[in-house]
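In what comes next, chain A is part of two complexes: it sits with chain B in the first one and with chain C in the second one.
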Partner chain A sequence: MTADLFFQYLFAGITYGIMYAIVAIGFNIIYNTTGIINFAQGEFVMLGGMIAISLLHFVPLPLAVAGGVVITMLVGALIEILFIRWLDNPSVLRMIIITIGLSILIREAALHIWGESIRSLPYFYGNEITTITLGPVRISPQVLWVLGVCGIVVLLLSVFFKVTPLGREMRACAANRRAAILCGINARNMVTFSFMLSAGIGALAGCVMSPITYTQYDSGTPLAIKGFTVAILGGLGNSMGAVAAGILLGIIEAYSISFVPLAFQDAISITILLIILFVRPHGLFGSGEAARLKEF
Partner chain B sequence: MLRIRNMEAGYGNLRVLKNISLHVDGGEIVTMIGANGAGKTTLLHTIIGLVRPTRGEVLFLGQDCRRLEARRIVAAGCALVPEGRQVFATMSVEENLILGGHVLQQREGRAAVLRELGHQYELFPVLRERRQQLAGTLSGGEQQMLAMGRALMSRPRLVMMDEPSTGLAPLVVRDIFRVVVRLREEGNTVLLVEQNARAALGIADRGYVLETGRVILQGPAGDLLANRDVQRAYLGREKIA
Partner chain C sequence: MRYTKSRAILCLVALVIVTQLLTRITGTSYYLTQLTMSAYYALVVIGLTVLMGYAGQISIGHAGFFAIGGYLSAALTTHNLIPLAGSPLVQFLGRLGVLVRGQDIYGEQLLTVTPWAACLAAILVAALIAFLLGIPVLKLKGHYLAMATLGFGTIIYRIALASDYFGEADGISEVPGFTLLPGVAGLPPLVVNGDFDSRVQNYYIAWGVLIIGMVLLLNLIDSRVGRALRSIHGSEEAAEAAGVDTARCKLQVFVLSAVYAALAGVLLTHYNGGLGPSEASVMKSVRYVALVAVGGMANLWGALVMGAGLTFLSLRGVFGSFDDAVFGAILILVMLFAPDGILSLRLNGLRTCLKRESTDR
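Right, the complex of A and B next:
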């Protein structure tokens, strides 16, 4: 492999890796406040892209993206209120199965609304053939959008959880739900907020990656699998771990093309998922001790 | 302040509390002693709304608590220091305290929370020293103080404590109980649930003895300390007359 190609693959890997990481962070936010894996997370990404694409007929791009994010957040809140909130002391397994059902429901609804066609948002800057030269690599400006937006999201999230009262209360629910209730915190609302937040983040990711990856009614599922792999690899609930694990998986996938056929790319992430679940279920960066104390 | 009449509660078909009646008046320390499994924690959880009573009534400040959510009861001024501290281990000491002030902030605003924070630091100087430390890294006694400080941050009318002395060295237990006495001096009302009967009766005004879900004895703390059955069962001393 030439040095140029090496860097080209590296950049492609990082781009995809960051996208996986954003999906994984969506998993983590909900996991942290409820202890469940929301398997409809990939559908939030798809919904964000699809809604923005539809809105683009009526409003300019920035507004369409904002609209996609806001509407997906509302969908997230609605889902939580309709399907999770009223459950009295549900088991983790039951909630997870509910989210799997929801992901199928959203996917089929999307098929009815948008059909099977593959769509995409236009490039935020320039078009398909615009490139920026960074030393030995040529990249699309959209890649910089993905990196920038995702970087800002990660940064804002960590500020949100550290500094704001709402973020603090959500962390408190994660750390000890009963103690949070004893502090007078409305733990149920925190769950709704976490669904809204992760739906919004998923939707934003869906918008910025849409020009590169395209959006289709079922494009959420493979992303959810990759995102789940990354969340597990980084240690469930650990957002910084997710970023590192995402970049790692992205790079592995990118370089795998030189060794195995492209068709095996998805198999690689699932293989990694299985190995991690067998060997190190608490992930690369998670604490084994904390994982043992968890419900599942 | 708190009035419970003929209350029953439990989990599913299991009836843990049977026909409980008790009251706590403003400004007193009332202790509830009993062995493991007597139903002490269930009693506190029923008062604060984590467990629903199946019969009888629970009145806090004249308000019927039976159908209220736990967080509403907390907002009404009833705080629980839970068994086993239950601090937010992954958060700093100061964050724990500020979270405890959640209902105070809603009631009186941020300035009141900061004032109350200063008050807790004065009550527990060790917490001020460790304000930036993660709560999970504190010693058992410090965590107990943090759990008490967190509950007091809501400036409650009634503080309920679930076995604050469990697992602590005698010297630390003395510190904790000294704070409880000071709370009464500052005009607070305390319902103290303890296995450590001698220490609890030593500072309380009145006491109840709970056995297999029933109140079997009650009276002024001094009388209970002198009661022969209590001495035999809970104070580890047999007086031969």
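Right, the complex of A and C next:
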């Protein structure tokens, strides 16, 4: 492998890894406030992309992306209010099955609305063949968009959770739900907010990655599996860990192409997931002692 | 209280016979094809019920075991070994008497593994994989267990889709019939295949297998092992404290349910004469989970009725292009409004009767 090819793979890996990280952060937000893994997270990513593509017929690109994010957030809120809000202390098994059911329903709805065709947003800057030369590698400007958007999302999220009152209230609910309620925080609204937030982040990711990865009605599930792998790898609930783990998985996947057929690429990340689950279920960066106290 | 159980089984046998007679009288014997397939899918569902409902361990990967059974049996009975006839392995297999010679439709010589040997091999491999996978996986709980089994199912799907040996996206076709018993004393042989003439015979084979499987499971959950499983579902720590070897118990049930799924896969593949990678897809696994849930989780009879009934409707195409959506909706509605299954709302009488049975003991 030449040095140029090495760096080219490296950049491809980082790009995909960042996308997985955004999906993983969506998992983490809901997990942190509710203790639920939302198996429909990948469908939010798909919805964001699909809605923005449809809106593009009527409004310019920035508005279409914004519209896609807002509508997906509303869908997220609606799902929480209709299916989750009024359940009284549901068991983990029940929540897993409900969110799996939701992901099927969203996917089937998307199939009936948008059909089976593969769509994509146009490149945000330039087109398919525009390249930027960075030292030895040539990259598409869209890659910079993905990196930039992800960086801003992670930054804004950490500011949001540290500084704003709403973010602090959500963290309070995550730390101790009962104590938060005693302090006058409406815990149920916080759960709705967390669904909106993670739906919005998923949708934004779906929009920026759409020109590179394309969007199809069933593109959510594979992303969800990758995102979950990354979330576990980085330690469930740890957003910075998710970014690091995402880049790690992306790079492993990118280099694996030179050793195994492309068709087995998914199998590789799942094998990593299984190994991590068996060996270090609290993730590479998580604390084992803290993990033992959590409910899975 | 064995009385109730054997009466219920007798009712089921009678129902199976009456259904067949009805289709003959009304001239709708084409229903038998889907009824046969439903019986095999129901076999997966009742196996999964013991794992999910009684032992409380979710598995979103059972289509994987179904596919292991189906694919191995199909591949072994269709792939021609003539080019490899010189290799020591093939010669050894030939001496064991597990190879059969034949001709394909072009008159080409074929040398394949006999269905019985292929079936046993497929089930043994499925059991072995379940055993090896179960040791680490069953230590996990909740979300992690769900994701790990989902991951396993996806890997099997990817392997089926990507490997030449399993026919890639086309799957395997022209799988020969499975002769369960050779013809003796003037009786015709008992063959699992999709021939028009053997439709009635296959219907009875499928339901016979399902009923035998059901009896075994009913006996299992009423036994010492069954009580241990329910105690694990209630509280793993308490079960452990009471002296139940929880890890071993869970593993045994996991392997057992995998064997049920693999057996169903083998028989259905020989019946259909082939299978494709969609049998291994995540959606199939989710569908089995939906059927267990709608049957009432810890309710074998519910699982059998719902498993066979809903699968029959789905195979008849009643739900049209909303097939997957219907199963998704069922999953959500049951979990939201009736986590004990919709039979708990309808057949309350039967359930209290069954409950009394288990508390009497």
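In this section, the second predicted complex is superposed on the first by the 296 of 296 C-alpha atoms of A that agree within 3 Å, B and C clash if a C-alpha of one lies under 4 Å from a C-alpha of the other, contacts with A are read in each partner's own complex, and residues count from 1 in each chain.
The working rule: contacts are C-beta pairs under 8 Å (C-beta built on N, C-alpha and C of every residue); 3 or more make two chains touch, one makes a residue touch a chain.
Since we're looking at a predicted model, the values are computed, not measured.
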Exercise for the section: Pick one for A:L78: touches chain B only (first), chain C only (second), both, or neither. Expected result: neither
Exercise for the section: Mind working out whether A:I185 is in touch with chain B, chain C, both or neither, as first, second, both or neither? Expected result: first
Fill in the blank from the handout: Across chain A, the partner (chain B or chain C) reaching more residues is C
Handout entry: Which superposed partner A:I252 touches (first chain B, second chain C, both, neither)
Key = neither
Exercise for the section: Go through the superposed model and pick first if A:R168 touches only chain B, second if only chain C, both, or neither. Expected result: first
Practice task
Please indicate which partner A:N176 is in contact with in the superposed arrangement: first for chain B, second for chain C, both, or neither.
Solution key: first
Practice task
Mind working out whether A:I100 is in touch with chain B, chain C, both or neither, as first, second, both or neither?
Solution key: second
Handout entry: Those residues of chain A which chain B touches in one complex and chain C touches in the other
Key = none
Handout entry: Residues of chain C touching chain A in the complex
Key = 56, 58, 60, 136-137, 139-144, 146-148, 150-152, 154-155, 158-159, 161-162, 282-283, 286, 289-290, 293, 321-322, 324-325, 327-332, 335-336, 339
Problem - Contact footprint of chain A on chain B as seen in their complex - result: 48, 50, 70-71, 74-75, 79-80, 82, 86-91, 95, 98-100, 102-103, 105-106, 150-151, 154
Handout entry: Touching residues (chain side chain A, partner chain C) in the complex
Key = 37, 39, 83, 87, 92-94, 96-98, 100-105, 107-109, 112, 221, 225, 228, 232, 261, 263-264, 266-267, 270-271, 273-274, 277-278, 281, 295-296
Fill in the blank from the handout: Residue set of chain A touching chain B in the complex reads 165, 168-169, 171-172, 175-176, 178-187
